[in-house]
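Presented sequentially are two complexes of subunit A, the first with subunit B as partner and the second with subunit C.
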Partner chain A sequence: MIELQRASRWYGQVIGLNDVSCTVPRGVTALLGPNGAGKSTFMKLVSGQLRPTTGFVRVLGDEPFANSKVFRKLGYCPEIDHFYEDMTGREFVRFLAVLGELPKETLDKRVDEVIEYVGMTVNAGRKIAGYSKGMRQRIKLAQALVHDPEVLLLDEPLNGLDPVGRREVTELMRRLGEGGKCVLVSSHILHEVEQMTRSIVLVHHGRLLAQGDIYEIRGLIDKHPHRIAFRTSDPAALARELLRLPRVLSLRFDDRDPEFLEIQTREAEAFYGQLADVVLEHGFVVESIESPDNNLEAVFRYLTEG
Partner chain B sequence: MSSEVTTTTIAGSGIPTGPIADLTYRNYDGPLRVHAFRWWIIARTLLRSVVRRWWFWVFAVLSVFPYLLGGFGLFLRGQMNSQGNGGLLTLPTWGTYFYNGFTGSLFWLFIIAVSFGASSIAGDNRTNALQIYLSKPVTKSDYLLGKWAGLFILLATVSLTPMLLLYLFALAMFNADGFLKDDPGLIARLLMITLLPALLHTSLITGLSAWSRRPMLTGGIYMGLYIGLGIVTWIIHVILLISGRPHIAKTVSHLSIPGLLDGIAMHALNPAPTILGMFAINGPGAAPILKPELLPLVLIGVGLCIVGLALARLRIRAVEVIRG
Partner chain C sequence: MADLLLFRLSLRDIAQPRRLVFCLMLGLLPALLSLLWRLGIKRGFSPDLSYGTLSSSLLMFAFVLLSAIFATSVVSQEIEGRTIGYLLTRPLPRYRIILAKWLGAVLGILILGLIGILALGASCFGAGLFGQGAVQRDLAALPAGALAYSSLFLLVACALPRPLIWTMFYAFGWEPLTQLIPGFLHYFSIGSCLRALSTHQQAEGQANPLAMLSKVLAPPMPIWAAWTALAVVALAGLAGAMLFFSLKEYAPREDAE
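Our next item is the complex of A and B:
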């Protein structure tokens, strides 16, 4: 639904995005990268607010720059959250719904629907000036959804939300993705993103670093072996047996925690396949198995730190 | 055996609900309608936000006072007509009453333009609201026209309403005394004149506002331009007067924002020199009002409007592009 082909954007001598080619399918995709990585430039190119210096960007098959045809199918929720402070939340969403070309007949019903959907029904009649950051995020989301776009671009939508709010908005994104919309979420709250999607686009220094399923990407990072941590009553005995496996690279105990054992392997999936046999054969009691670096945070760190 | 599910409805909405709220996302299956005048949506929003502010009404009412004085002058004229008059103080031209009202209201129109025009685009720049605006099916031109038209309509309404009321009052009071017959083209000239401040202020302050992220600073700059230019032209005018060039001095004295408006109004309404705006000085020593040259004023006025709009058009964009 979103396609970038060798897209670059220069600001004079400064490069914002450098030769990026990728596609963003239906469902939720997270756009990740540290500050200054090019996330905002990426978002602005896709939302049609910037034109690529070279290459091209297509949204639903059309170039988005200043293209009303694309804007009708696109909902954009920028990071900023100061708008018309004198307006009520409902007035704000209504105003943008009118700009989004909703006709009078369906306008109020649709505005009420999306306000309810983002959980702002009770506060929609209050002025935006009195809103918390979380409320502003929700009302901003409502304006992006009001014309029922096929593509949703959300810049840091979890910022300022309390834990309950984050969970709700995360769930909301996930549902929108499952409903067939293309949702591109830029965020730095990695563990929240992880609950939303496994599909990522990782940019760094203006370049595309990785794209695809987070676990597939993790599997391809050879430089950093997978760490797998166990809690067991007899870590030494378990270690002895695990060492016999060809894929184990190293073992680590923790003298402060007598039940702790951590191994490193390059082939996590193959290791897990053999682990079950070892545990069952020797009757080890394993309380827990964790993979502390098999997550978005670790992948992000490994890829950006080189 | 049949089971019954009790449903309730959300008050007033008719939407059925169960004990657990249905929060699933509902697709919008209604139509989308392309607006012919998208700029009007933006203009209307600006107008709504301004008329909610009480100080707008204070300035608007204050701008009516000069016209009330004009009305009072007309009332006295009626009294003088009925009692007979003559001598040094005579009745001024019809246009004089309107001219006095117009020039008296200029300051308040300027205050309204500064108060509400300075923030029109600068406020959106400051909050980056253009990112949202321009992600909707709205073009830069729609946005600019909407902002421009909103302020223009506001100023034009404030300027035009008391002028028209005064005209109607004069028409009702003095039609029999030749008000319409003496100057049938007056209403057309009045309409043109009253729209000029709206046109000039709106174009200039919209241009300035587009280049700013700080409404207060924009207002300050426009105020400085309005007052500063007035002072500079007045000083040059005095120097030219001393050097014995009164005609050029007169034109130069009108090369400021209020001066342009005043000068053009002089040509359009042909006012007589008056005392308190009510009685024309008509004695042997009374000189007619010296008018500035019209053409330079019109050219400069048109030029300023074009420059203001061009500046705004050049600057409006959703994204702040920083060039390294």
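Our next item is the complex of A and C:
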């Protein structure tokens, strides 16, 4: 639904995005990267506010820059915390719904629906100037959703939300993705992104570093073996048996925790397949198994820090 | 409906209390000066002379400043307020956004200009202001001036960064300069066109040397030429602004990595 082909964007001598090619399918995809990585440039290219210097960007098959056809099907929630402050929340959403060419007959109903959807019904009549950060974030989300777009671009939508709000918005995005919409979310709150999706686009220094399923990407990072941590009543015995497996690279005990054992392997899937046999054969009691670096945080760190 | 909302948004921007108070003071300043003039002279006060002198300052200074503030804010207010991203990611064609907002600005300029002229006329002529030829000529020239100045300044705002500075260069640099260059360069000045449309009585013997020099160097502009020039500027400025706004990128620079 979103396609970038060798897209680069320069700001004078500074490069914002460098030769990026990727596609973003239906469902939720997280756009990740440290500050200054090129996320905002990516978002602005896709939302049709900037043109690529070279290459092309397509949304639903069309170039998005100043393209009304694309904007009818695209919702954009910017990162910036700026509004028409003297409008009420409802006026703001209604104003942008009218600009979004919503039919007059269904306009007010749809505005009320979407305001309720983001949990702003009670406060929609108040001026935006008096809103808390969380309310502003919700009303910004409402204006992006009001015309029921097929493609939704959300730039740091979790910023400023309280934990309950974050959970609600995360759930909302997951539902939208499951409903067949293409949702591209830029965020730096990695553990919450992880609850939303496994599909990521990772940019760093303006370049595309990785794209795809987070666990598949993790599996491809050979440089950093997978760490798997166990809590068991007899870590020494378990270690002895695990060392016989060809895929185990190293072992680590913890002096402060007598039940702790950590191993490193390059082939986690194959290791898990053999682990069950070892545990059952020797009757080990294993309280827990964790893979501390098989998550978005670790993948992000490994890819950006090298 | 979308156009109407944008038109109202533009008027809402103009009606911001601080800006409105400043602009009203600017528009009413000549009327205030006229009252002071009348109070200061008491005997021998000439309404025609007072109106002629002060309405020139109204049209050539206050009105230009008002036009510059309102016309440039059509775009720069959205950029500085960083709300432009909301407008430019909606299906409404960009030229319609700028057109609707510009119309709001023109209405604001007209209303304030009208208040300024009527207040000045009332302060000079009292209740009989509508019977005065000079007032009638100013009222006729006002819409043409509002359209021409606002179109040109809108084009500047769409095309250049820091548009207010450029408009000041134009209004208080270029326009007086064209008066002092022999030939027909003053045809490229909105102020000269407006002066041709609304001639006023000036204080004899007190006219400043620059004004006398400009009369010698720049031949009087026929009224038809003034109307034509204003129409061309208004249309070309507006068309250029709509074109620029449709093609140019307006993503706030601070966001650019």
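Methods note: the second predicted complex is superposed on the first by the 306 of 306 C-alpha atoms of A that agree within 3 Å, B and C clash if a C-alpha of one lies under 4 Å from a C-alpha of the other, contacts with A are read in each partner's own complex, and residues count from 1 in each chain.
One rule holds for everything that comes next: a contact is a pair of C-beta atoms (placed from the backbone, for glycine too) under 8 Å apart; a residue touches a chain by one contact, two chains touch by 3 or more.
Please read these numbers as outputs of a predicted model, since none were measured by experiment.
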| item | value |
| --- | --- |
| Clash or fit, subunit B versus subunit C on superposed subunit A | clash |
| First (subunit B), second (subunit C), both or neither touched by A:Asp112 | first |
| Which of subunit B and subunit C A:Gly273 touches, first, second, both or neither | neither |
| Subunit B versus subunit C as contact partner of A:Leu176, first or second or both or neither | first |
| Subunit B versus subunit C as contact partner of A:Pro258, first or second or both or neither | neither |
| Partner contacting more residues of subunit A (subunit B vs subunit C) | B |
| Which superposed partner A:Arg51 touches (first subunit B, second subunit C, both, neither) | second |
| Partner chain in contact with A:Gly125 - subunit B first, subunit C second, else both or neither | neither |
| Which superposed partner A:Phe83 touches (first subunit B, second subunit C, both, neither) | both |
| A:Gln13 touches, of subunit B and subunit C: first, second, both or neither? | first |
| Which of subunit B and subunit C A:Gly36 touches, first, second, both or neither | second |
| Colliding region between subunit C and subunit B, picked from 6-14, 114-122 or 168-176 after the shared-chain fit | 114-122 |
| Overlap of subunit C and subunit B interfaces on subunit A (superposed complexes) | 11, 14, 44, 47-50, 66, 68, 71-72, 74, 76, 78, 80, 82-84, 86, 95-96, 98-101, 143 |
| Touching residues (chain side subunit B, partner subunit A) in the complex | 13, 23-28, 30-35, 38, 41-42, 45, 49, 52, 126-129, 131-140, 317-319, 321-324 |
| Residues of subunit A defined as touching subunit B within the complex | 11-14, 44, 47-50, 66, 68, 71-72, 74-76, 78, 80, 82-84, 86-87, 95-96, 98-103, 105-106, 110, 112-113, 116-117, 119, 140, 143, 145-148, 172, 175-176, 179 |
| Complex interface listing, subunit C residues touching subunit A | 1-2, 5-6, 9, 12, 81-83, 85-94, 246-247, 249-252, 255-257 |
| Of all residues in subunit A, those that touch subunit C in their complex | 11, 14, 16, 36-41, 44, 47-51, 66, 68-69, 71-72, 74, 76, 78-80, 82-84, 86, 95-96, 98-101, 104, 143, 206 |
